[in-house]
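The structures considered in this document are given below.
In what follows, chain A forms one complex with chain B and a second complex with chain C.
Take a look at the complex of A and B:
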């Protein structure tokens, strides 16, 4: 059972968002374990710490104290051990600049935080059940933003 | 010349001497010849006298013989001879007498001769008479012999005399003959000698003359050439012979061929231009009467080809050695000078105008300038430089020192360095400096300079632009720009705040509401549910407001990057974005093949999105919404609106719907920010959408108009320049 568990890691400084996130995932009943950290620094530490499971997807909020999502993304992509990780940007921002920056830096998907819990659930379901191997290979800008 | 004159005198003397000598020789010769002839004649006469004397004696002897023969023979035939001899004796006697009168024979002797002859003749007659009487003849014959002897003796004497005279005369004649050849010969030699001298002298003189002549010829040629080159000509008029002589170039000046037929004075005067002729004639008359000279008068003459030529003429009246009055004149062709002068004065006038224009231009452009002659070290300041320095160009002076002192002390050192460097081509980093005017005001100047060589002179021309106003404007602009930059930065921050931070709590509210309403284990009751729905609507509206406001501020502030874009593709993108609404409303959208234009793509897409969503939103109940996007022909009004753009550089599109429309009265106000025509409960909306459209069209320097009637649908029409706002001068 434990071997089938899907680990996802979320970095978000907003407590409410972390709550929505884990609630949504739990309600999906996908045998998923959510690990949550509060900022970028904590995220990097968690990732580097031995013994921690390798997450299926890393969800990155962009606007975080200490270390922002973009910086984390850069760091992950530079690190040889981590660069293969699938990264999903999870942000309130819908600004073109943020989308483009994260795309250029190698994020796999961009999720704009929905304002409806049901939509959020749908989105999570899609992302987690996504076949990342296919996704990382035919990357394009149109499919980068997640449509729910 | 004096040598020639001297030698001429010598030659004249020599000539006179030689002529005198020759005349003398001729005279002497003649005289000699004459005397010789005379003496010869005398000799001849002597010979003749001798001969006559001998003839006489022979006749007497002959008469004697005839008488005797007659006497002896009695033959009367001898009487004939006897009478003949008698006549001949008388004849001879006459001859002798005539000779005697000529002085050849001594007359006394001749008289005695005559007497003796007469006696003898008488004796003959007596003898004849005696014979006729038959008397004795012996006495008479003896007497006769004696007389004949006497006569013979006298004749012999006379002949001897004549012989002496002859000898004497011959001697004299020979003597004179002997003296004259020597004299003549020597005289002729002398004359020849003199003539030879004269000849030698003459040849030398001739040689000199030839040499002088050659020089003269050369000089003459030089003179001709000089006249031709300098455009001068000369002429003279002999009042006595009434002849006018022109130099070669004088002909040319008058447009004639040199060495043509000599012109007459009146013809020459006819050549002079009407305007000057009277004056010239007056002057010439004056010259004639006063023997004065005219330093120079300027005349216009007409050449053969009817061209007007300007000449300057100097005249002088002179008299030659025969007292003939001769008027000489020298002309110079001033045509080219006059033309050049005319051109120069035209240029000068132009230059003056240009200088005035320049000075006006300087004033307008707030530019002053000065030139510096590096060789002379002199300055020339333009009048506007005076004005910049607040000096009066008319009454105040500007010197190098004064100008340098006007430079602001803080800039002076820097400019001094520049001043010293000038001459080497250097580009200076900053060419701005300040000056203090005479009224102690600070002005900002900018300089440019140029060094150049003008006819060998090194000139420096410095142009100074008064940048005071520009500098002040620039400074205030810079400040305003800074402010703008700050406010823009603030706005950007606000934008981020609005897009992120402001939406963040709202999103949570919405999410929590959605959670609550979907939770099965919570019972809200019907009122609670209604309230939650109202909260949800309010939250949604706020979110829309935020999103629209953001969009509006983006159209105002974001970077406006124009790209050549296919408008049709933008319409398709907009339709894709609105896909959900279109499907919900089951709307039909028609669109033409749309052109390509230079636009800001995301803004135009936004424009289409807003206009189409508006059309969908305000559709009629129970009527299938239809939307038409069309190319429209340009109207006169559009051309007036875009008077600087030609027709083929404009596009006009319309978006028409079959919705509820609105009163034309509101056609303007629909574009006003937050302006709404309908109640929120009827139609949701923020009142920003059309304002964004207007903003977008303004960004593209186009126009947008709305046309509608209540219940008749609405049409939004916009016109855009194809090349976009960039190419337009604001």
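Take a look at the complex of A and C:
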């Protein structure tokens, strides 16, 4: 595998979900570094802080205290420095409306939180590998839409 | 009288990325007074050897355009594989019928087994997946352009049927082509609302 490290940033207020997520990603052995924060406000601060690595993809839970996932998504897409980031919505909702609305607001990826660890692992593998292609092969980010 | 300065307008562009990149690189080399020739597939021959500083300055000038200079042999071969695939999918009016494995091996003069292993080692994907991804990207682009329907796109990209394209689209993106189209047009409408 290539030496390049993949940086992933996760915002989720549920500790179990954060662990579940990191475990799944680490088991993929893709040389991924996971940074986790507990709410949307912390996320935006993390992104704006100089010296932090620029994540290849940001995962946002929809319901979080202080600032929710959709608010963060809109803020990221409006900020000239951040709008190129790949944004994934990571949510328990599987409603078609939530999915479509997230994409319309600029999300690139929508992942329904699975209950099964292996399903999550598989989904993460797909997300990370496809995102990597979009980051390194000069593909058009504007049409990067993936629903897992 | 109509005040034109208060009206906004939308211009649609169509561009050839390949040509654009060649023009950008060529302009920069000329500006640095370096005579050069294009060998095809992203390879450029400079007719003299250049200093470390010149090399770095060229590298830095090209960064804002998303163009980078490739360092290692392996990286360069992976890029060539990608270029051949992209060229095949984007530049040909209709995809060549012969198997892509044969096509790649012939174009790069190396065995497909070697190319395929190298690609998997260096990227987080396989050649097969990369081709599918690129074909679906091309399909998205053609859908967004509004000039083609799904049947025409399926034919252009060598799918045996519309159903086959639809299935691969759904499998790759998680969305049907029609919901993809709906999302893109809602995004456009959204952006127009935001701009005064």
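Operating definition for what follows: the second predicted complex is superposed on the first by the 127 of 148 C-alpha atoms of A that agree within 3 Å, B and C clash if a C-alpha of one lies under 4 Å from a C-alpha of the other, contacts with A are read in each partner's own complex, and residues count from 1 in each chain.
The working rule: a residue touches a chain if its C-beta (ideal position, glycine included) is under 8 Å from a C-beta of that chain, and two chains touch if they have at least 3 such contacts.
The model shown is predicted, which means the values in this text are computed figures rather than measured ones.
Chemist: Contacts for A:129 in the overlay, against chain B (first) and chain C (second): which applies, first, second, both or neither?
Modeler: In the superposition, A:129 contacts chain C only.
Chemist: Tell me the contact category for A:113 with respect to chain B and chain C: first, second, both or neither.
Modeler: first
Chemist: Going by the touch definition up top, name the partner, chain B or chain C, that contacts more of chain A.
Modeler: C
Chemist: Give one of first, second, both or neither to describe whether A:30 is in contact with chain B, with chain C, with both, or with none.
Modeler: second
Chemist: Tell me the contact category for A:145 with respect to chain B and chain C: first, second, both or neither.
Modeler: In the superposed model, A:145 contacts chain C only, not chain B.
Chemist: Does chain B (first) or chain C (second) touch A:45, or do both, or does neither?
Modeler: Neither: A:45 stays clear of chain B and chain C.
Chemist: Tell me which partner A:105 touches in the superposition: chain B (first), chain C (second), both or neither.
Modeler: After superposition on chain A, A:105 lies in contact with chain C alone.
Chemist: Could you please specify the touching residues of chain C with respect to chain A in the complex?
Modeler: 17, 66, 82, 121-125, 129-130, 133, 137, 140-141, 144, 172-175, 179-180, 182-184, 186-187, 190
Chemist: Where on chain A is chain C touching in the complex?
Modeler: 1-2, 6, 30, 100, 103-106, 110, 128-130, 132-133, 136-140, 143, 145-148
Chemist: Contact residues on chain A for chain B in the complex?
Modeler: Residues 14, 16-17, 20, 23, 63, 92-95, 113-120 of chain A touch chain B in their complex.
Chemist: If you look only at chain B, which of its residues touch chain A in the complex?
Modeler: 496, 499-500, 503-504, 506-508, 510-511, 514-515, 518, 539, 543
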